[in-house]
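Some structures are shown below for you to check.
One chain, chain A, links the two complexes that follow: it is found with chain B in the first and with chain C in the second.
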Partner chain A sequence: MVEMIKEGKIGMLEAYALVTVIIITKVFYTFPLASIKQTGTAAWYSTLISCACAIAFFVLVYLLLKRFPQKDLYQVFEAVLGQKIGRFLVLVFSVYFLYYAGINLSEFVNILKIYCMPLTPQEVLVAGFLIVTAAMAYVGLEGISRVAYILFYLIIAGLVLILLLAIPFYDFHYLKPWFGYGLGVTVKEGILRTSSYDTVIILAIIANSLQGLKNLKRVGLACLLTAGAVFSICLACVLAAFQYTAGGEYISGMNHLSRIIYYSRFFQRVEAIFVFVWVFASVIAVSATFYIALSSYCRVFNITNHRPLLMPFLFLTFAFSSLPKNMAEIIDIYVRFIRGYSLFLIVLAPVLVLLIAMLMGKRGGKASETQ
Partner chain B sequence: MKLNKRTFLIKSVALLFICCLALSGCYDAKEIDQEVYALVIGVDKGTGNMIRVTFQVSTYKEGEGGDSGDSDKSSGELSGTVISTVEATSLIESINMLNSASNRQISLSQAKMVVFSEEYAREGVGRYIEPLTRYREVGDLMRVLVCRGRAEDYIMENKSLIGRSLSKDIELSFLQAANTGYYPDVFLNEFYVKLSSPYAQTIATYTAINDFDVLPEDSTEQNTVQPLPDLQPGEIPRKGGNKREMLGTVVFNGDKMVGYLNQNETRFYLLATGKFKRGLFTIDDPKSPGDYIVLNVTAHGVPKVTATFENGVPHIKLKMLIDIEIAAIQNRENYYLNPAAYVELEKYIETYFSSGILDVIEKTQKEWNSDIFEFGKYIAGNFRTIQEFERYGWREHYREAKVEIELNANISRAGYYYHPRPIRSDK
Partner chain C sequence: MSGKKNKNIIWRMLELITYKKTNRPKTFVLPEVDEQRPNQQQVSGQQQPPEGGQPSQGQDQRAAQPEDTSQTSEAQQPKQAPAVVVERAGQKRRIPKKPLSASEVRSARKDKDQVKTDVDSNLQVLKQAFHAPENKDLIIREFSLSNKKRGFLAFLDGMTDKNIINEYILKPLLDQENASNSEYKVGMPLEDIVLTDDTQALKTFGEVINNILKGNTAVYVEGLDYILICETIGYEKRGVEAPKTEIVVKGPQEAFSENLRTNITLLRRIIRNKDLVTEFFELGEKSNTTCAIVYLQGLVNPLILKEVKRRLKNIKTDFVVSIGMLEELIEDNPFSLFPTILSTERPDRTAANILEGRVAIILDGNPIVLIVPITLNALMHSAEDASLKWHNTTALRMVRFCAFAIAILLPGFYLALTTFHHEMIPTELLIAIARAKENVPFPTIIEVLLMELGFELIREAGIRIPGIVGNTLGIIGALILGEAAVTANIVSPVLIIIVALTGLSNFALPNYSLAFGIRILRFAFIFAGAILGFFGLALAAVLLTLMLVNLKSFGIPFMSIIAPRTKRGKDIVIRWPLWLQENRPDYLSPRDRQRQPEIARQWTQQNPENS
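Take a look at the complex of A and B:
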């Protein structure tokens, strides 16, 4: 059986805050650019198609966990696929989350260099960020989720503030033509971009730290609905402010939205609000996914204490963040993989495991069975 | 022992955290004093393929911006600012070149406006707008202007006569756009977005220097005064005050200037696009030739626009409501006591505004084929996909559009007087 690090328990709101922040952080990066480039004026509802697919996926994950009470996703993998294949799959997940953390970090640092700190060497920014990540991963899941819970309100408030302040610059006629580049393209991209929501699977990975399966279902659905609403509204606002032509050009559409806010000569140039919100969200997202990668690895090899592995994993994250040579590679290759194609791993794996479990009639024991 | 080690570890981690906060930003840290901030950027044609870029930067001396009469043409000092011109291949390169002659780095982060000479605007400004919008330092809230004559000459007369701060002076002058409606307030971001927009064409503010030689010396020189003279910036008959004048709208087709709207046409344009806030209009009195009625017009919301296709021809309908307050009636006619005259005046005003707006739309269609009214965004609703809309090419079809206007004017107030008496004169 996969041994667990003692992660403690986290509350419903903490779990909701943590996973929601992990999912919505990408709206501050190149997510609007990629969505608008692919789907044009239909970006705002293409993401709702992704959200619906993600909800369907999450329901399947919930059904899988329901078959195996008091087991989290990794334990279910082992129970259904056997020890070797199950642990191999967990190792693949660990590598994926490490890659996710590294590429997100690279994206964050590059955008930071473009918008705020052009002269600072990338390595210095990455190293500074990783020191914070290390500190958060050191304290573990409980610490990260509590930080997420506190900063969640600030992040949402900052985001809402930017969207509200930019209202005079919106013209929702720019959302026409309504079908973007065609309904076929919109639906196809909508389904592929379910990958943008697939980090909701973290709830299934930390299921034993939550307060029961019912809470897991509620938290998961709440996270997905919140993220869907945030993405849809942000994309609609970016389209309304910049049209699909310029909206598909700006590296960070949300940053540019904060730059055009102007009420008088006393109330302008408020993009500093955005930087705070963005950095808070990024720190939580990268730290949480880094921790998940680390704890997944520990569970494969029955390591009960994750702290000695912090340095090697930080080094690997640094390596992943150094993989992309430039911004174009980040957007068109690495991030495209995470937000466009990762569903073939993250979504497909649990769904296949569920199918196998159903076909082979495998079920978990009753609630009294220990981990 | 264990507790001590743990405490030591926690404290070390906390200390590292704090160090990170202190160290971030060191490379990019700059003292305010290390930089000098360009307030105005001017772009003129240079020799060959070069451009001439003029920067007006604020100095940190006392009396900055106020017209103390201090100017030194050789060093470019003008009332607390320094004006430098350099010829270069590109705008960003020009900053680089000037930095070699300056003890402080020139920063564009506080630039309030970019001024293109008309000669340059007619050749195309796209290649110089793009670096400005791509460059990190430049704010999206910089204004875009086109000036008659050379931008360098315009900037040489750009000084603040009231107050010490030139940047405040520039900012306040753009607020006048909302008070008069004589020129639009165009931000760099809006200008750039419309350059590549399939929905509309872009505009800029028209500006020039007034040398105060337009005001006629002898009042008997002109027999009749036109209530709506077609004025270009720099031609307002006035004396004294700031020489800088903004009046009218520059119309672009793509990135090239193709024409301009005068101050009255600009107000009709702003009314039709929902950007007009308030302003005074002087119209002929229909009952008393030679006398005028001055109207204080406030737009009532944004016009409702519907766009459809009938037999392949785009049909656009505008529905608008304006609120009128009569500011002056020179012949002191009492419209309130005569409902028929009141209604007739409202109809006259409606006809005046409708025909004014239609004339401006027709001008942009026939002379320039430039949809500055953004009707394209309403037309786009008739297409299902972006490919269909782009294949149709609305910007090329704009001249074919048939436009109708339904304008309602509501005279809600007539100033202080309800029942003005005729002026008595004893014989």
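Take a look at the complex of A and C:
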């Protein structure tokens, strides 16, 4: 039996808010830039292709969990692949989420420096951020999800406000040509960028904290649909405001969108106020992935208390966030891996496990036998 | 030369970290209580408990201690069984005493605590317990009945109603006509002679002493194996007055007083329900303060009730005299800046909370009542909310929530704005701020801290100075200080507005403890804004949210309704009309969730006679 941290129970709406925020946070970073650069004017619906693929993948994960009732994804890995390989896979997931947290942090801090606080040393920003991350992870999943639920409304309100206030700058003719760089490129990039949605896997990892598989499926689908809609609308607005030429140049399309808001001499340059929205979303995304990395590691080595490991993991996150030398490196190497190729790990691993389980005819028993 | 000098330096440094015996004169150190006892005994001579009497707690401890401490120190002596010291021919000899078993100790204690059948023994125990005759508060009135039986009554002066004692206890006991009456014979129960409304026959001194301490009178007649307690409580107390901190325009003008009984009566007058239950607890081993919990049986969640009782029963401290102390002893998160227990001085508000399934905790001697469990929104409600029309209440609550945000954020926000994000400030305003700040030599953070400190000083001084002078001092102090600070170019005028607005918002918060917590939190936000701008403020806001979602009030999450999400009530931020509030708060899980039927105004379904 795998020793586990007591993660408590989280409600459906809390889980929905948590995972949705983790997925959509990237829209505040370089996501619009990369999408527009790769698919041009088709970026806004290319992400819907990614969303459709992510939904298909999530259904497969759901089928896998359905074969093993009362088990979460990590327990299924062990049940299908055996303890050693299963735990190795969990360890790989742990490293991936830690990497994800570190690179997200680095991306956020760099954007913050570019747009808001150019004179503040990066280390100070990272340190401040990590202190809050540590506090969130110290409290655990229940606390993080509750914070996510409360701040979710503010994040969505902020996002909607930016999109609405920038209406005078939209010209939807900029969305033409409709097929961007060609349908083939759009579909190919759309499938590859399924990785942007792959953090929905967190739901499968915390499946035991949710209230049943049915709820998990509902929450997962709702998260993916919301994220797809948010990405698509935001990309369309960025394209409509800046055209694909400039849209593919601005490091953070959404930040830039908030910067151009102008209604009078009194109401202008209000982008600083939206720092609250960026920070709320980023803190939740980084803390949640950091915590998942930590709890995954604890699962591998049967550690029942994650708190003593906070400091070493914070140090590792700091190390990951310090890997990129500059913004260009973050976009071209690190983020490209997360949002372009991580599907080969996060998406394909559970699918392979499902195939193996089906081929070998493995199924989970009742709750009492499996727990 | 230099080597010698170096050696001296090294030697001096070594001296700093090495132990050296000093020849300083000994200073006075107050000895610990345990160290004092043997000496005191030597001085005052050993006091034996009276025969059949109950020794005081201190004496019990003394008896359990080895008495010979003059020869060897405690540290040198190995632990051994209690011993008696016998002195023979000037030589002290230690005779080991066989230790008593637990059951023997228990039965011995029980015997000592039992009421005896003779007057002298009982009198002696009571006198000793109350340290009479040194303690002049204990009044003992001895008497002889017509059948020559001796008796006494004992009470504490000032705690009792002497009229009751004279007219309804002493008079019937000593009435000669009664004595000659054939119906009144020796065997007649004492309860039937005294005329007080409540009597109790108690057989242990512990209970008797507790009752005397409460203001009751103990009556004993020779031959009985019990002491009769007659209710004679009648000390001086403040009457029911108008509320001082929770003033309302529309609504009752009564507040709790220091008297426990009066407070319970005030509640009973509002909730005339047979299910309203009051339970008593004694708190504080030395103060024996009476604490009551009041709840509605059949409505309150039994688990919450059990938890309240568990916490109150398991307080081990010597005294609890203020409601603040009790609050600190029973709350879930004593380190939290936010209160997790609601305090109120209004009986109507307490009653409303009891009727929602909460528990009220009343401490004798305190005009404030605690209500548990609560959530954050309860702290944002005021006593007047129920008396006003629903839209007025809702508007007021919106103002309060704005005040909450301003009180926490405004100074930090101003700092972040002027230090990090100037671009957001409209140009004209920016120029005005810059012009006003031109002559001020301090950075903005120092200005803010100076003004906040000044404001806190005025507030504190205003509270300490009594009456109208305090208020005047507050206004004059603020005006003069602000004006002078601006004229002297110590702070900019904009900052005066910021600090004043923050102070006003703080006062607009309906809960005193919440407002206090926010005063402290504000400084954290000031530093966060000064160091990291909006980024710092956002991080601090996340931490505050995290802190709030992790608070609990008697097991109920403090942010219930929002996180964890529970069924929405109709009296959270928006107070919907009363006739729409069909259910009690979901997070309390009351046993009866429904407050009223779906159609509370049933007259709307009827046809009026003159239609």
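In this text, the second predicted complex is superposed on the first by the 367 of 371 C-alpha atoms of A that agree within 3 Å, B and C clash if a C-alpha of one lies under 4 Å from a C-alpha of the other, contacts with A are read in each partner's own complex, and residues count from 1 in each chain.
By definition in this document, a residue touches a chain if its C-beta (ideal position, glycine included) is under 8 Å from a C-beta of that chain, and two chains touch if they have at least 3 such contacts.
These numbers come from a predicted model, not from an experiment.
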item	value
Which superposed partner A:Met117 touches (first chain B, second chain C, both, neither)	both
Contacts of A:Gln83 with chain B and chain C, given as first, second, both or neither	neither
Which superposed partner A:Tyr262 touches (first chain B, second chain C, both, neither)	first
Contacts of A:Tyr244 with chain B and chain C, given as first, second, both or neither	first
Contacts of A:Thr304 with chain B and chain C, given as first, second, both or neither	neither
Which of chain B and chain C A:Ala272 touches, first, second, both or neither	second
Partner chain in contact with A:Gly11 - chain B first, chain C second, else both or neither	second
Which superposed partner A:Gln211 touches (first chain B, second chain C, both, neither)	neither
Chain B versus chain C as contact partner of A:Lys176, first or second or both or neither	first
Intersection of chain A interface sets (partners chain B, chain C)	116-117, 120, 124-125, 128, 131-132, 135, 265, 268-269
Touching residues (chain side chain A, partner chain C) in the complex	11, 13-14, 112, 116-117, 120, 124-125, 128-129, 131-132, 135-136, 139, 143, 146-147, 149-151, 265-266, 268-270, 272-273, 275-276, 279-280, 283
Sites on chain B touched by chain A in the complex	13, 16-17, 20, 23-28, 136, 139-141, 168, 171-172, 175, 187, 189, 192-193, 196-199, 377-378, 380-381, 383-389
Residue numbers on chain C that touch chain A, as the complex places them	417, 420-421, 423-424, 426-428, 531-539, 541-543, 545-546, 549-550, 557, 559, 562-565
Touch list for chain A against partner chain B, complex	40-41, 114-121, 124-125, 128, 131-132, 134-135, 138, 171, 173-174, 176-182, 242-246, 256, 259-260, 262, 264-265, 268-269
